[in-house]
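Listed after this line are the structures, all set down as structure tokens.
Look at the two complexes coming up: chain A is in both, with chain B in one and chain C in the other.
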Partner chain A sequence: MTRLVPNRFAPSKVLTAVLVVAFLIILPLCLQRWGSEYYIYLASKVIIWSLFAMSFNLVLGYGGMMSFGHAAFYGLGAYSCALLLVKAAWPAPAAFVAAPLIAALAGLVIGYFSVRIMGIFYFAVLTLSFSQLIYILVFKWRSLTLGDDGIQGVPVPGYISTLDSYVHFYYFALIIAAICIFILWKITRSPFGLVLRSARENPDRASFIGVDLRRYRLAAFTVSAFFSGIAGALFVFMETSVSPDVLKWSISGEVILMGLLGGMHVFPGPIVGAGIMVLLNSFLTSYTEYWALFIGTILILSVLFFPQGVAGIAYEAWQKYFGRSLS
Partner chain B sequence: MPILELQGVTKLFGGVAAVSDVSLSVEPNQIFGVIGPNGAGKTTLFNLISGYYRCDRGKILFNGTQINGLAPNAIVAKGIGRSFQVTSFFPEMTVWENVQAAVLVKNRLSWSLLSNSSTACGEETEALLNQVELLDKRRAQAKTLPAGDRKKLELGIVLGTGAHFLLLDEPTCGMSPTETSATVDLIMRITEQLKLTILFTEHKIDMVMGISSHIAVLHFGTIIASGSPEEIRMNDTVQQIYFGD
Partner chain C sequence: MDIDLSIIFAQAVSGLCRAMILFLLASGLTLVFGVMRVVNFAHGSFYMVGAYLAYTLTNYFAASPGRFWFALLLAPCLVSMLGGIVEYCLMRRIYDKDHLLQILLTYALIFVLGDLAKMIWGVDLRIVEAPPVLSGLVTVGGHSFPAYYFFIIGMGIAVACGMWFMLRYTTFGKLMRASAEHRDMVAMLGYNVGTIFTAVFMMATWLGGLAGVVIAPTVRLSLGMDMEIIIECFLVVIVGGLGSVWGALLAALITGELYAMGILVLEKYAMTFLFVLAGAVILLRPSGLLGRRVRQ
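Right after this comes the complex of A and B.
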């Protein structure tokens, strides 16, 4: 398996990074000229899902915890943001900061109970149960959340308004996601990240070098919930509405699939997975209502034959071609 | 004062005593061997001392303070390190990272979320890798190491925790005679240098007799003899059970 922790940037990597950044900056302008607003919307959606999938991967790929309830944090981020703006009339920046904090708090509580459980299966079931609990709560608490009607017409500040164009929002989401993903990258390279990986690889050995497994797992889980909450808040700014769908178990499922499809042991893997899933979803739904069948087939094949994910394969090919280990 | 003292330690599995009323004391800088046939309870004893299992009865004192009931990571923090019969390390990480992880935890730097890990505790990690003769392989992924090097790596990890008391569970398990003597030499050298205390188990009787300053014989979970290698060799019961009659 592969890791992405190079000791220093090779020149070719700097070039790659510059090209990627340039591409991301020019993209909406090109789409505006030659495509349509819808594509900028899609690109923004990819950014939001990338951030969500990257946050999630801190738990799955680095922490080795199969959370099946991450929709809870994404959804709580979205609902907190929407409710603070609509019901409490908070200024947008304040709501945007508070939303991930609320998601993180939920992560701390759910994580506290979940990390005590050993075994992938039980961990998945427990996190799923918690997220379903929050889903039901939001669904039923009509006086606060308007239930399945959802919250419409969330006031969004003019500078990122999507009323006329998605371009401004795109750049806003890009900057926020870039900052968050950079922080996540720093975490994976930090001493904490190293110890977290050690706990994933060999929990027994880790506890016999003095690691308190629960505390590290809980910390990773909470940090992950925080960034998932930011993704949820971004979602609200983009859609200006939110419904209990953001808390559905299928959202948790999708983010897992993005990790698997993209490659959970290569840092940018989930971004690749998010891109593929969002685009496939959008294009296939315009051709067939059985799009889920296609995505399912692709996933089964990829998990069977390329368990390292798309980015994992690309990374291996890179290593082979350039003959250089990054570790 | 003994560095480690067991008082009437008992561990039951479904009513059957795997370790029964074991008392022993290990003095500082001793190399204390525990021998006994398969299933005698040696590994269970190590699991009890290191906190993997809890004692059903009895007390375990380390430097005079009770440690039974503490979690494994808390026991590591007291200065007890252990190796496993089946070498235990972090297979996907590099040799360097394997040892570094232990050093980071020991130095309480592992809660740093945003600093760069690649250089953290570099000198200490390097010194340890040098000590276990793996410095030139530091970039290798741990799982690519041959069996002998894996044992050295595990030793490096254990030393990285800052332990001065090592529990070594069959440190030369599965090794050829040449590898065995090389590993024993390494352990002895490091023990000398770092003034360690060692409690170990082994099947290879000659080796145990050769390096131990004190030996306890475990049989069906109880200690049937304890003393210097000569005393153990002369002991009638041990002769009967161990060396055949």
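Right after this comes the complex of A and C.
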């Protein structure tokens, strides 16, 4: 019998979920024992970038919109968190909540202009331009942001301090990211997510059945900006410093590559992409200063030869092998 | 606030220079979009390569007094050849695919060309000297301007006239306009649309390279110059209307002057004015000042 509704609690799924969770919980303990602190740091970085890439993919993979400016929200989340902690001396939880809200507000404003004109070109051009505007403003507004010196020594509460070990921060980031990714997953499965996907597949038909495309796209963009802001705030807690580099256009490029490389049409795709990219970055940047050349080349190769991404290829292979769909 | 009129005049002239550079660039960007329906995000990178090539060529011909003129002649052609290779080897493969992938490809080129420039020319700031003929000062209306400014303005006018002539009277120009309207029809009449695309892309990158050479003596060449200019270019084509050459000219004049005047008011944040202008155009006239009506 073929099931129209997939079995949510099939034994194989439960087993996979348990294994993944157990792996993620044990990982830092193993790394601490047999690896070094640096690997836990890398693992935390993968978590942060996974969250960023997943939130970005709500726009690219599900909304079909090419945002070249997501660094703006990641960076604004980081900067608002750092400034609220340093200049306003807010308590950490308050700053952590406020930062993504500020990022979402920026997403609302930038999105409002960017979705007004239909067509992916305007969207791509406008998101890139606005994110550069924010970069320039942060760079030049020295009295507030200290310009390219960045903000150093952000006070981070003791329970997630990375001073001695990254383990506590790892678990904190893991829990936050897991909650956010779960919410994102729920969003993509909700009626809202389905309408968004239909608007990606066929904008004309979607608007004929009465979907206000702009409103849906703006909502998706804002939600995405919110979660990117959380990733930015996590970044500040980990690094305890922030510089305009987090707002650079190349950060947007990296997150695009994570989505594309991992697979933008498979839900966990960007996580795979984030893992690959963070590990490659730490490996390659110790050998070469031409990281951008590498990003660009991989981007071109992905576009030309495997636009479905690593997870997409794995998914296709799975379907071919088992002859059925995963979900 | 008392603003000296002569300062405004001085700013107007330098704004005109900026406008001409922006026009050289934006016209290429908008031509490619009009004909090929692709936004070339790497347009600024070709401009940067043009500027750096001017540096290399002026050094190569260091012994000759005409070294800048050699660079002006050669560098845009080299950039154009690079553009031709990019179009032929990369872009051509994905015209029938998703638009998302097309813009991603040109976007990826910013990374690649940026790092190649870093590899070849390094991270130091580079300087290109203006030709001796144009290195003096010219006094107009009680103000001294570098003679080179008038050369830039002249180049802009020359390119605008040349483009007008080409689009209106030459076969190639007519084919370009026809491809922008009905690509399939042009193909059915027996023209190779692929060749037209390559030619248009080469012409656009030639213009980009030319802008790079022309601006080189007025700035210090740095690796970030590709991103700096491309954003302004985007604002110009949004204001002028994506795909319209004359819109690009009008918008370049407006943005160039707006920026030059904006510096007088908000020195560090003059860029914001351009964004306010672009935002207003998007809200009030989404198709741009001279652009075709786009689908709402």
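By our rule, the second predicted complex is superposed on the first by the 306 of 327 C-alpha atoms of A that agree within 3 Å, B and C clash if a C-alpha of one lies under 4 Å from a C-alpha of the other, contacts with A are read in each partner's own complex, and residues count from 1 in each chain.
Note that a contact is a pair of C-beta atoms (placed from the backbone, for glycine too) under 8 Å apart; a residue touches a chain by one contact, two chains touch by 3 or more.
Remember, it's a predicted structure, so these values are computed and weren't measured experimentally.
Colleague: State whether chain B and chain C clash or fit side by side on chain A once the two structures are superposed.
Modeller: On the superposed model, which is not a single observed complex, chain B and chain C fit side by side.
Colleague: Between chain B and chain C, whom does A:G119 touch in the aligned arrangement: first, second, both, or neither?
Modeller: The answer is second: A:G119 touches chain C but not chain B.
Colleague: After lining up the shared chain so the two structures overlap, which partner does A:T16 touch, if you call chain B first and chain C second: first, second, both or neither?
Modeller: A:T16: touches no partner chain.
Colleague: Answer with first, second, both or neither: which of chain B and chain C does A:I295 touch in the superposed model?
Modeller: In the superposition, A:I295 contacts chain C only.
Colleague: State whether A:K140 touches chain B only (first), chain C only (second), both chains, or neither.
Modeller: A:K140 contacts chain C only, not chain B.
Colleague: In the overlay, answer first, second, both or neither for which of chain B and chain C A:Q152 touches.
Modeller: Neither partner.
Colleague: Under the stated touch criterion, which partner chain does A:S36 make contact with: chain B (first), chain C (second), both, or neither?
Modeller: A:S36: touches no partner chain.
Colleague: Minimum C-alpha distance between chain B and chain C after superposition, to be given in whole Å.
Modeller: 9
Colleague: Intersection of chain A residues contacting chain B with those contacting chain C?
Modeller: In chain A, nothing is touched by chain B and also by chain C.
Colleague: Taking the complex as given, what residues does chain A use to touch chain B?
Modeller: Against chain B, chain A makes touches at 1, 3, 5, 7, 183, 186-187, 189-195, 197-198, 201-202, 204-213, 216, 219, 223, 325, 327.
Colleague: Touching residues of chain C toward chain A in the complex: what are they?
Modeller: 33, 39, 41, 90, 93-94, 97-101, 103-105, 107-116, 118-119, 227, 231, 234-235, 237-238, 242, 268-269, 271-272, 275, 278-279, 282-283, 286, 294-296
Colleague: Please name which positions on chain B make contact with chain A in the complex.
Modeller: Result: residues 50, 52, 71-73, 76-77, 81-82, 84, 88-94, 97-98, 100-102, 104-106, 109-118, 120, 139, 141, 157, 160-161 of chain B touch chain A.
Colleague: Can you list the residues on chain A that touch chain C in the complex?
Modeller: Per the stated touch rule, the residues are 60, 64, 66, 68, 113, 116-122, 124-126, 128-130, 132-133, 136-137, 140, 249-250, 253, 256, 260, 289-293, 295-297, 299-300, 303-304, 307.
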